[in-house]
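What follows is a set of structures to go through.
What follows is a pair of complexes built around subunit A, which joins subunit B in one and subunit C in the other.
Moving on, here comes the complex of A and B:
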């Protein structure tokens, strides 16, 4: 029998030696690829990081459907969807740069930590060259930061906070979705013509980056039309029960309630506001109104009857009659049996835009793709002429103002488009105070 | 301490060292051999070891341990922002601040025991969470989480090149440095951050082991067995429990600091009650009061969270492609309930099974297996030693 003695000193010595041996190769850099996860085989992997649990799970599920549809269209399966109407004709339906598109998925749980862990898994283990998704701005900002460090492209999904392309913008991150400032700029004229310029607004706000910037943007644009902001109350994300926040509204003297909520939060807070009879009240001699600045069909579906007559803004709606929207609604409907939400639309478009940029750049290198996307003008994706601005990687396009329909014809036909606000009206300078404080930095190819 | 006991301890330490060193190779076939998850395994291992010092030894069930994890993370990220990207000052500050924080909370919460202690710690953790989430936004950056920025002062570091974010490092060795090696047909990633965290875990494990075997650890076990009797014999137990609480808090702070070292971001959700509950699950799943149990439990839970949650229907289709088509669809539609967003369900079922059939956690299952293997030729001694072996490991 071998007799060996282990004392503390021996253990330390051994540990040190083993550690040094193992640390030695790590000082060498990774193998000689030009950028992180350079695809060398016959396929390229994209990472779809969406909330599958939590307050935004409905949006996440619809985003995932859209991503799967986009991958099918890129690989030449199905009817091609928006590839036929997209103004850039580089993509041929044979993958991207001759490589078949594969994908991996992950659950963000609407938590920054979980989202980063799942994005890291896709980058480190599955070799994803692009990460996309997110239905919460807090998560989108956290994952965008990670992608910048790791040297992959981040194509933001549904994120509406000003900060995503404002103070937290990153060179590797791109956003197609509109933002809170645009919502305010598009909504204010409609609110003025419907509710007048002498109103008192009460804000209930989801307590995180998106809520804060939307509250700031909406308060600024409603104050510009003469409204007064009575109170701004923050509510925790995913609160479920909002009754304690809604009761004080009536005693505050406010005659408009602005709900800076999204997803299930909005469904719950709006339903409770209606149940409390807010909409039947007369305050200051005017009918009490509720405004939901960021609307989506999925939320309208959740809130049911309660959305009737309530104004809001949205990035895109399936009832639009341009060629791109019609093509997308048709192929999404054929695949899943119901029309897509705005979350699905922006995620689908982002995937196509990424693929097109890679095709035009001739590489998956993040720096090449960033260059191809910066200042890129396109059409046929459902929002009219759109510009990817180089200064902050934000898309500028038309914004829809919508209203809950009084007589819906089906369970999907819940919103009517009141106004399509042209891009010029919602455009702002890159150094606008609401977006100031950050810097894009240089693109990072990793490796 | 008997001779046999110390021999067992040596084998255990060697086992842990080997497991940590060979981690990337062993776990690669299970799809868990990538740096981020490996780092999580060892970091949450430290967290659970620390929790076990309190719960396993004294029986005080803290339901707010995530608060110390969060405090550690925030302290470390602030160190990265203000002083240097070197992880040493960050880890030291994380341990000091979380230790002080544990002293404060422990001083108040340990005036009660049992369920009242658990509720008090839970209340403190929720308070910390809500403070970090909204009131202390200037320090914690609220829900978005505290991140390092290009424009941070970092007085000790040289200026970074334009636009790039600096990387956390240990005296120049970058935490994210990774060597890809092809071994046995697998692509193994040896990551510097993992080995640094792994070595720290080995040290933490060794210290905890010495603590378990020390007279101090004996005293803590006495508190767990019967605190009243201890008080009647004239021993003031509170200094002992408070020390255990602070040590445990420092372990949690160390884990939080290391989380920030591997990924310089600290978010408030790290302090939420679900995170506190998670470490309780880890410890009970693995086996409370055992040395290796908490590490195993941490590994199992992190594996489920990261790997099971990532399966989607098309991947399941591939896994079951050997079955006939109709059976394949059936199996996939049933099993897809337990993966993807359903991973919580799987974890819940596993937890229930373990608590019902193996109250001592995975370690009890392991010990039973060992006994079963030995029982083949030593049937008579098994029942006699079983009684005295409940907390032997």
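Moving on, here comes the complex of A and C:
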């Protein structure tokens, strides 16, 4: 007969033993995985971190549409979209590395802390092996830092600040979207041929990382074509009424107003600049002009009639006639009934590039993927021949100079492509002063 | 952060000397100030009568702006026909859209669409009155006897609900509302007040907005001053209990006052829509500033709210001038709060505040 007596010491011993046994499998699995969230089942989870609430919710919704389309194409549903035109033929429409692609979504709210929290949740709770998306440089830089620490890849969405692949670049972060320097380099020759080289420019700039780098880039490239920078005025984010900043332009002697604003700020400042009759003025014997260096479709829709004739730049536009763009517009249009925005395009392309890199590397290990993306040259994704530069993880490709259309046919047809500036013209050295100050560092596989 | 100095005019531009710039900034300030004043007027009216701190008042301004969006959308509802020959880039037949209003009424339809912003005043008045009354009867009256902190929480929550409803319906993107063609140009304000022509030209719609605000504010004051209803409301503001003891149903009148405050905020929003493209967040942008206006003007003081609205609008404009920013970088971002601190230190009840309001 067994005499089972439970005393204090016995309980302690038993508890310790049980605890060790329970903890053992976790310790084993932890040491077994080579990197954060190594997919062990039949699927792989991607984390789409887009603004679902807040000012950029509409742009976020378009990004999400593109991501869902990309996932369908990767899993072999739909018409395959750009997989048919992509120069790399590794992806077969049967998932990635034999695993079905799944996704989770997070809401960045276009706030750095909220975006980090949702990315963290997707990594820790949902097991996302890659984070992508976003509509602001502040958010992109914050999430990129988080992904570097957590050991997952970050495929940036819409972020235009030089800093994302400049002083804040990270080994685990990659950007397909163009940047402020490229906007300046692409715009300057077009501005010169349209407005001449004797101009006085007045900058109104959103007071945060993106605004500062765009102001610096555009001022540098316009000064290089002979323009004089009369003033650089910083405006608070979300100022609403910009009249008090526009009035001083009237008697500054400037004949060009450059609006380094994005989103709602741009909609308001442009609308009000037009209301104040700037475009009807003659200054220094020349017609007054307004330039919006970074355009988006949503901004053009928000500003309505006021964008007519105003120059700017974009990463991509649905009216492009290359095979890649046509394929993407066709699948997106058939799925949703309207053409995709540039934000949708860059997010779709980033997902395919990530999947392709994993397929080529034969692993979801961030270090393997980074190696596969670094120096990768591809075509058929809508911007001509493109290079993912190893030194800073920035894509170098053609940039579009666009102009507000005089007679738009629909609310999606507000911009016309004036020039497709070749990649060579917008390429800069990796140690260019506007991008200096940061280190890429080593890739972090986490775990 | 220090902006570069602005180059001296090279003389090729007509006029625009220091005095003209000063005048232009005053106009900018009055314009902004009119919006602040109209919102603050309603806020202080509600506070004075019902004792409620209404954080949903900015949302009422936003709802007003969306009255003009809604009317415009209604008028520009489009008849969609599929083209037989042309195709979209993704291979479906192209849609040909014509607004019903134009298809049915021709030139008159086009005129109505052009004037849709001022015309939306006609729908904004009954709509905002209804919203105000429903809000007061349905929710806010249950919080009269609760602490101010709870009133703030519930009205702030209501503001978020309202803006999310608008976002779900109209999207997050700003929706442009052009002013009528005839009022989109510039007006020579300088010439109108006897200065040289061409020096002080100002967008016509903004002048219209200022005049409109002056009329609305004037009407509210006249209503409170010269009608029996207004007299009772003013008496109620001074001593609610005694008015109640006289056998007057003060609650009913206060409910209507809430409705009137909602209408004033709504009208301010309707006419502001060509200046700032309406978006769901518009109310929050104005709310905080309007509260500062109320506090600076003196809680519960109607003339104080108007005076403080104009004063802060003008100060904000001057603080944004390059000459000022060169001396105090970033002053434009804090000026309102700085002035509020100074005024409250010097006059703790605000500019025209009465003794005993919000003091126990």
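Rule of thumb we're sticking to: the second predicted complex is superposed on the first by the 415 of 447 C-alpha atoms of A that agree within 3 Å, B and C clash if a C-alpha of one lies under 4 Å from a C-alpha of the other, contacts with A are read in each partner's own complex, and residues count from 1 in each chain.
Here, contacts are C-beta pairs under 8 Å (C-beta built on N, C-alpha and C of every residue); 3 or more make two chains touch, one makes a residue touch a chain.
Since the structure is predicted, the reported quantities are computational estimates derived from the model, not experimental observations.
Asks: So, A:194: does it touch subunit B (first), subunit C (second), both, or neither?
Replies: Neither partner.
Asks: So, A:305: does it touch subunit B (first), subunit C (second), both, or neither?
Replies: In the superposition, A:305 contacts subunit C only.
Asks: Is A:57 touching the first partner subunit B, the second partner subunit C, both, or neither of them?
Replies: both
Asks: Contacts for A:329 in the overlay, against subunit B (first) and subunit C (second): which applies, first, second, both or neither?
Replies: Second partner only.
Asks: Have a look at where A:234 lands relative to subunit B and subunit C in the superposition and call it first, second, both or neither.
Replies: Both partners, subunit B and subunit C.
Asks: Check whether A:125 is in contact with subunit B, with subunit C, with both or with neither, and answer first, second, both or neither.
Replies: The first partner, subunit B, only.
Asks: Which partner chains sit in contact with A:245 here, subunit B, subunit C, both or neither? Use first/second/both/neither.
Replies: It touches subunit C, and subunit B stays clear.
Asks: Does the superposition put A:276 against subunit B (first), subunit C (second), both, or neither?
Replies: second
Asks: Which residues form the common part of the subunit A surface touched by subunit B and by subunit C?
Replies: 53, 57, 207, 234, 236
Asks: What residues on subunit C touch subunit A, complex-wise?
Replies: On the subunit C side, the touching residues are 1, 3-10, 12-13, 16-17, 20-21, 24-25, 28-29, 31-32, 88-92, 97, 167, 171-176, 178, 184-186, 201, 203, 205-206, 274-277, 279, 281-282, 285-286, 316-318, 320-322, 325, 330, 332-333.
Asks: Inside the complex, what are the residues of subunit A that reach subunit C?
Replies: Residues of subunit A touching subunit C: 53-58, 200, 207, 229-236, 238, 240-241, 243-245, 247-248, 250-253, 264, 267-268, 271-272, 275-277, 280, 283-285, 298, 301-306, 318-319, 326, 329-334, 337, 339, 410.
Asks: What residues of subunit B sit close enough to touch subunit A in their complex?
Replies: Those residues of subunit B that touch subunit A are 10, 13-14, 17, 21, 31, 33-37, 40, 133-134, 142-145, 147, 150-151, 162-165, 167, 173, 176-181, 189-192, 195, 199, 202, 206, 263, 265, 267, 269-270, 305-306, 309-310, 312, 340-341, 343-344.
Asks: Which stretch or stretches of subunit A touch subunit B in the complex?
Replies: It is residues 6, 11, 14-15, 18-19, 22-23, 25-31, 52-53, 57, 104-107, 111-114, 116-118, 120-121, 124-125, 138, 141-142, 145-146, 148-149, 163, 168, 171, 207-209, 234, 236-237, 439-442, 444 of subunit A that touch subunit B.
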